[in-house]
Amino acid sequence: MKLVIAYIRPESLPAVKQALFEREIFKISVTNALGCGQQKGYHETYRGADIEVTLLKKVRLEIAVNEDFVQPTIEAIIDGAKSGKIGDGKIFIQSLEECIRIRTGEKGKLAIG
Amino acid sequence: MKLVIAYIRPESLPAVKQALFEREIFKISVTNALGCGQQKGYHETYRGADIEVTLLKKVRLEIAVNEDFVQPTIEAIIDGAKSGKIGDGKIFIQSLEECIRIRTGEKGKLAIG
Amino acid sequence: MKLVIAYIRPESLPAVKQALFEREIFKISVTNALGCGQQKGYHETYRGADIEVTLLKKVRLEIAVNEDFVQPTIEAIIDGAKSGKIGDGKIFIQSLEECIRIRTGEKGKLAIG
Amino acid sequence: MKKKKLYIKHLLLLLILGLLSGNLYAQDSTAAAANAANDAALTALSESLQNNLNIVWTCVAAFLVFFMQAGFAMVESGFTRAKNTVNIIMKNLMDFSIGSIAFFLVGFALMFGTTNGFFGTDSFAMAGSDVAGKDWDWTFLIFQTVFAGTAATIVSGAMAERTKFNAYLTYSVFICAFIYPVFGSWAWGSLFKGSGWLENLGFVDFAGSTVVHSVGGWLALAGAIILGPRIGKYDPEGNPKAIPGHNITIAALGVFILWFGWFGFNPGSTTFGDGDIGRIAVTTNLAAAAGAVLAMFTSWLMFKKPDASMALNGALAGLVAITAGCANVSPIGSLVIGAGAGMLVVISVTVLDSVFKIDDPVGAVSVHGVCGAFGTLMVGLLDVNSGLFYGGGLQLLGIQAIGVASGFVWAFGLGLILFVIIRKTVGLRVTEEEELRGLDIGEHGMEGYNGFQIFTTQ
Amino acid sequence: MKKKKLYIKHLLLLLILGLLSGNLYAQDSTAAAANAANDAALTALSESLQNNLNIVWTCVAAFLVFFMQAGFAMVESGFTRAKNTVNIIMKNLMDFSIGSIAFFLVGFALMFGTTNGFFGTDSFAMAGSDVAGKDWDWTFLIFQTVFAGTAATIVSGAMAERTKFNAYLTYSVFICAFIYPVFGSWAWGSLFKGSGWLENLGFVDFAGSTVVHSVGGWLALAGAIILGPRIGKYDPEGNPKAIPGHNITIAALGVFILWFGWFGFNPGSTTFGDGDIGRIAVTTNLAAAAGAVLAMFTSWLMFKKPDASMALNGALAGLVAITAGCANVSPIGSLVIGAGAGMLVVISVTVLDSVFKIDDPVGAVSVHGVCGAFGTLMVGLLDVNSGLFYGGGLQLLGIQAIGVASGFVWAFGLGLILFVIIRKTVGLRVTEEEELRGLDIGEHGMEGYNGFQIFTTQ
Amino acid sequence: MKKKKLYIKHLLLLLILGLLSGNLYAQDSTAAAANAANDAALTALSESLQNNLNIVWTCVAAFLVFFMQAGFAMVESGFTRAKNTVNIIMKNLMDFSIGSIAFFLVGFALMFGTTNGFFGTDSFAMAGSDVAGKDWDWTFLIFQTVFAGTAATIVSGAMAERTKFNAYLTYSVFICAFIYPVFGSWAWGSLFKGSGWLENLGFVDFAGSTVVHSVGGWLALAGAIILGPRIGKYDPEGNPKAIPGHNITIAALGVFILWFGWFGFNPGSTTFGDGDIGRIAVTTNLAAAAGAVLAMFTSWLMFKKPDASMALNGALAGLVAITAGCANVSPIGSLVIGAGAGMLVVISVTVLDSVFKIDDPVGAVSVHGVCGAFGTLMVGLLDVNSGLFYGGGLQLLGIQAIGVASGFVWAFGLGLILFVIIRKTVGLRVTEEEELRGLDIGEHGMEGYNGFQIFTTQ
């Protein structure tokens, strides 16, 4: 089992969700995050003083999947989130040792989906 | 050392915290999250138009524990979070390579608690 | 590749960011979190009734780095976040199996920076 | 819009006079008569102009009192949790809307119609008033409507975060159509066609510390008791837990709006445009100020920090308390009343919360019920004409006590009955599940702060 | 500040009279003449005092109407998303600011100057009024300015969350300087130096259901059509998706402020301080209340839950609808009009959204356009003097229909032309990227809720 | 409530007249005398009615000015960070509450009592005014109280986010009891029993650009200097960093409320109900509009985007600037003053921030101090009777400059002294730790937005 973490632009979340659904990945968790990456921040001004926004608003996805779903998940995320412009985001993959469904106590591969 | 990640219903956080405390697990981190799982979303209407809320509000727990605490942690979460209804949530377990207490520089098992 | 997760005091974020930049670590992700650790909560009162704030506001950092950057990252976080008082926070290190840059499809070490 | 017309009414008066006097002046001996006619013309003119001024003043005051609805909505929303915001807003909107209609159709008649000794019996839907005319009646109606609306809206705060919406709608009809008007007829009926036993006794409640606020407050008390506390308000040992409101800025705005509106409530109750209104504005303002200051210091002493929610409640407490005597006490007297109310409200909130275990999320019972009663009694001491401290003896104090007691018995008693009946019929409280998730989604299927990330752990 | 001076003006009048009469009284035969002089003095005094009262009343009413700007800003901000808040606030601030200046310089003249049959042609920048005097003119100007500002601000809500800021500024100039004043001159020109064909027909629009609200509403309709819906408002199959507003508390506050301000809008349109204002306040309040209640029940029936945003819109719908007939219908009539508007607004919002696929984020077209027209027509039925239901026949109804139709043709027609021209020149809509990220950062480089964590996925 | 009584006062007047005239008319030769009596009755009636109208008007205006407290609270809360919201709210509530009491007990006497040449010396706690009567005194007191409250509240914005709460309470007493009243006695003392050297010179400050706003603004400047900037406001090289406010919607609401309240502030300063108030409302409105528009365009030029916070400040700048001359300049003149203030405020904010490194979170010094001085001077140019541009020569300009300068010396000088003393005694600034975490928890033990997730990294 793997844990896929992805940081994407907020605007692309609907497209990513769509792409995941098409590949039958229905379970995801989303949090707001602030990110600092290649994408330069933008400048706001407020009352004439500068604000350098170096932490950009991003959305963090966390998706636990079985091995055979890793590739589709990555594809789906790229599909939905890639615009080719700096700031599209990153995908991180970690191994996941165990997964438990709280409701039933089911474990492992069964619990993930 | 393991890193336990759990997504639970917001309402059950107090009960989970209680259950963890009873097992002498005092250190946890909590974030808000939106989740998409087996639990069907609910429908809001706003001005007559439908909102399908497919991303449900969840709470994400992150708990770093030593091996001998993994089982109690899982038990505690299930204890506090299980209602038997869809949407109770999931627990994910990953291995954790290192843990450092910033204040003292202590590492590993010592640092976790 | 490693995934460094750190919980720090909100106030120390600017200093940590600075310390990371000095060590040429430019990419980080930040989320708000509530933490429960050694640091005791504080008491608010509201209309004469007590509120025990046991979940303290923390900031969670997630930084994916190549092996040779792990040590500098840890140093930088400690540098910026250590005040010596309870509540300074923790650093967790996990192994990271893969990293993909969505924009280009680059993988692994190349994608991280 | 109407064109600036030529004061037809006044001209007419003058014309009649002209005819009369032209006639009479022919004879020398009629000079005195002419003069009398002249005087009558002057009197008529004076009355007519002053009447117009009174109408303008009373209408403006009524609008200010209407605006207090916004104040109540903001205070109650700010002092409760984000997940119940839509619900509290809707309750505030609806109690005034339904209440306005109910008061027009029924309540006004019970309160101000020709009395059967217990309540009024005519003027339903303002029958008898000219629907195309310039009668004082309409100005009086709008002024009284917004007062009824104030009494109605007090309850929602004390019953917030757990009451079913349709139960609340049912309640709203009864208070504006029956509970408030009947009590009102006892104290204020003679302002129109009615007459009441309390006012005949000599009961002084100039703008309604008892008639409006205490009645609302005691109903709120009944409601909070029958409902029981919110989930999580008391721990298993029965110790109160704080459930902080979600928006202090909005609550503070609400208090400022209420303070602003009170300048219509108290000075407006003269329904007459003359120098009294300035004096009443002064006593009203000083009492509010003293209430805020003393509540702050009291909370500072009791809880180690100056509590904003208490200071805000303190201002309201001062306002409620001065309402009865605003025209009858001196400015110094108003400082005393305000200061007393400011201290009292902090103690009352704490005692209700910790000792009686009554969960009143916004402090409505303490502010309106307790401080309303306090203020009404204080008139017995501080009335500059007949108060105890001004040598007036105990008589007024006794009468005030009768008024306060009858208000409590009527409102609290009927409140208990009403809420028990509602609980048995439409049901009074939402399910535990709905309460935890918030009434906004449960009752209205929407959220108050879409897009905002709210710690969903409370 | 000015010292309490000695009513010089009135004294002067009396002095003249004194001189006259002193003279005349020497002879017995002049007694009647003296008396006449006396009467004249009384009349002058009465007019002068009533005039001062009218000025005070009209000014207070104007201030209340001004405050409606705050109400519109809050409603529109609350009913749209957090990422576009700064932008909608700026639009509301600027349409009134630019509009005030444009109306002073040009609009007032077109509306109230001596007419060429189509619009007024003099009084630009109030030429002819004494810049240091006490003329009625200035009171009339401030009252009319805030009305123009109301018409202008209606549009921003319907075009929210996607319109370029400079396009909106351009529009603001045109409505206050030209579109609104010209139509206004037809219905209300004779209130000052002008005269209009609609008022000459006998068209009844006391405070502007058509002149102000429908005109604003139809312009909003034109804008919303030319702009097209927001991204994400319709799915690929064309089904409407809800895009909930971000702050229902603030939206509700806005509605309360508007309701409050409407007590200046309707009763104030008498510009005369007498008993009519109380009666108009009653009809206004009852219609708003009925609108809120019926909209709530209608939404309850249609969507299974009582929708707060609909109930809030319902109150406004009732207010808009009663505006035309507030002085001419009975209180019962106002309940009928308010109730009708409350039902109508829910249906209209739903139909525009689902059937016509017109994206109006705050319901401005339904509230102001549709309910304004509805209310104007209802006068034809419910006018207590000449309405159909009161035996007045069909004539008034016909005239009202002509007024409504001409308002639609003028405002919607010119609106289409204006917005197309703006689209071709300065550009009307922001880029897709900017719309997704929010206009606050795109147009103003700042955020509305700094520090708040907002789910940035919507 | 008071029953509609029979205009007893007026009747009495008429009765006296009746007796007099009945007597005199017996003889033919007394006809003239009778007539004179008749005239006297008319005059008395006119004065009495106009006096009542003035009271109603001045009270309504006072209430509007009171409401500005809500506006200040919202503006200051909105323009600062979420973590300091409770604190700023409490400061706004308390400066008015404490200030009201201090002004009643002491301040009014210093300002309006019989003067010793430097300040007033009697009328403490309104001694001498009838505590049960209809005197003008009370209306005058409430009007002056809300003005004092306005001066007091200006300071909190400039000292926001770092001042200790008890230090601020101490300051509040001094400004309302001493600093403001003494300066006020120089310019406005003769409105009651006093008399002042500035007004005797011919200084024109109709509603208080200098007396209220500049005095408040210069005190704010002193406070901001003594306090020093907020942590993080300047980077190590001394470059200013923006610290954006947390709620632009609420700040905008505050500005609309202030604009609304200003219609009491300026036109109300006539304390007389006649045609002047309409004209003053026009100049006030146009100046505000021009201020908003020009500030927006100036910020657009300087920072590439139209800055909402600047546009909002611009409206206030226009209002502050027109306050001195609102009754004395023409509408076109008011446009000039407003536009100038709109540009000036943007420049002033930027210069204070970048050049002088004075950290004023809400721009209070620029809006009230700088634009107040600017507006006062402009009267010297644009007064339609004696301004330089109207051929009045340099005299008035010179007098205005003296007034402005004396205001600066008095308020800024005393401010420095006062804040240094406070720093040495109760302490002026919170600890660094508290400042970082927010004053809400540090000073009041509570949060403003419970449950909302706020990026706690700023």
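For reference, chains read A, B, C, D, E and F in written order, and residue numbers begin at 1 within each chain.
In this text, a contact is a pair of C-beta atoms (placed from the backbone, for glycine too) under 8 Å apart; a residue touches a chain by one contact, two chains touch by 3 or more.
Predicted, not measured: the structure shown is a model, and the values here were computed from it.
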item: Which of A-F and C-F has more C-beta pairs touching across its chains; value: A-F
item: Inter-chain centre distance, chain D versus chain E - centres from mean C-alpha coordinates, in Å; value: 30
item: Distance from chain C to chain A - Cα centre to Cα centre, in angstrom; value: 18
item: CA centroid of chain A to CA centroid of chain E, Å; value: 48
item: Touching two or more other chains - residues of chain E; value: 28, 31, 38, 42, 45, 49, 53, 56, 60, 136, 244-245, 247, 253, 303-305, 307, 309, 445-447, 449, 452-455, 457
item: Shared interface positions of chain A, touching two or more other chains; value: 30-32, 34, 44-46, 55, 94-95
item: Chain-to-chain touches, reported pairwise for every pair that qualifies; value: A-B, A-C, A-E, A-F, B-C, B-D, B-E, C-D, C-F, D-E, D-F, E-F
item: Touching residues (chain side chain B, partner chain D) in the complex; value: 10-11, 13-14, 30, 32, 42-46, 57-59
item: Touching residues (chain side chain E, partner chain D) in the complex; value: 28, 31-32, 35-36, 38-39, 42-43, 45-47, 49-50, 53-54, 56-57, 60, 64, 81-83, 136, 188, 190-191, 206-207, 244-249, 252-253, 255-257, 259-260, 263-264, 267, 269-279, 281-282, 285-286, 288-290, 292-293, 296, 303-309, 311-312, 315, 327-328, 330-332, 335, 384-385, 449, 452-455, 458
item: Residue numbers on chain C that touch chain A, as the complex places them; value: 3, 17, 26-32, 62, 64, 94-103, 105, 111
item: Chain D - residues contacting chain E, complex; value: 1-7, 10-11, 14, 17-18, 21-22, 25-26, 28, 31, 34, 38, 41-42, 45, 48-49, 51-53, 55-56, 58-60, 62-63, 66-67, 69-70, 73-74, 77-78, 85-86, 89-90, 92-94, 96-98, 100-101, 104, 125-126, 131-142, 145, 165, 247, 250, 253, 443-453
item: For the chain A and chain F complex, residues of the former touching the latter; value: 34, 44-51, 55
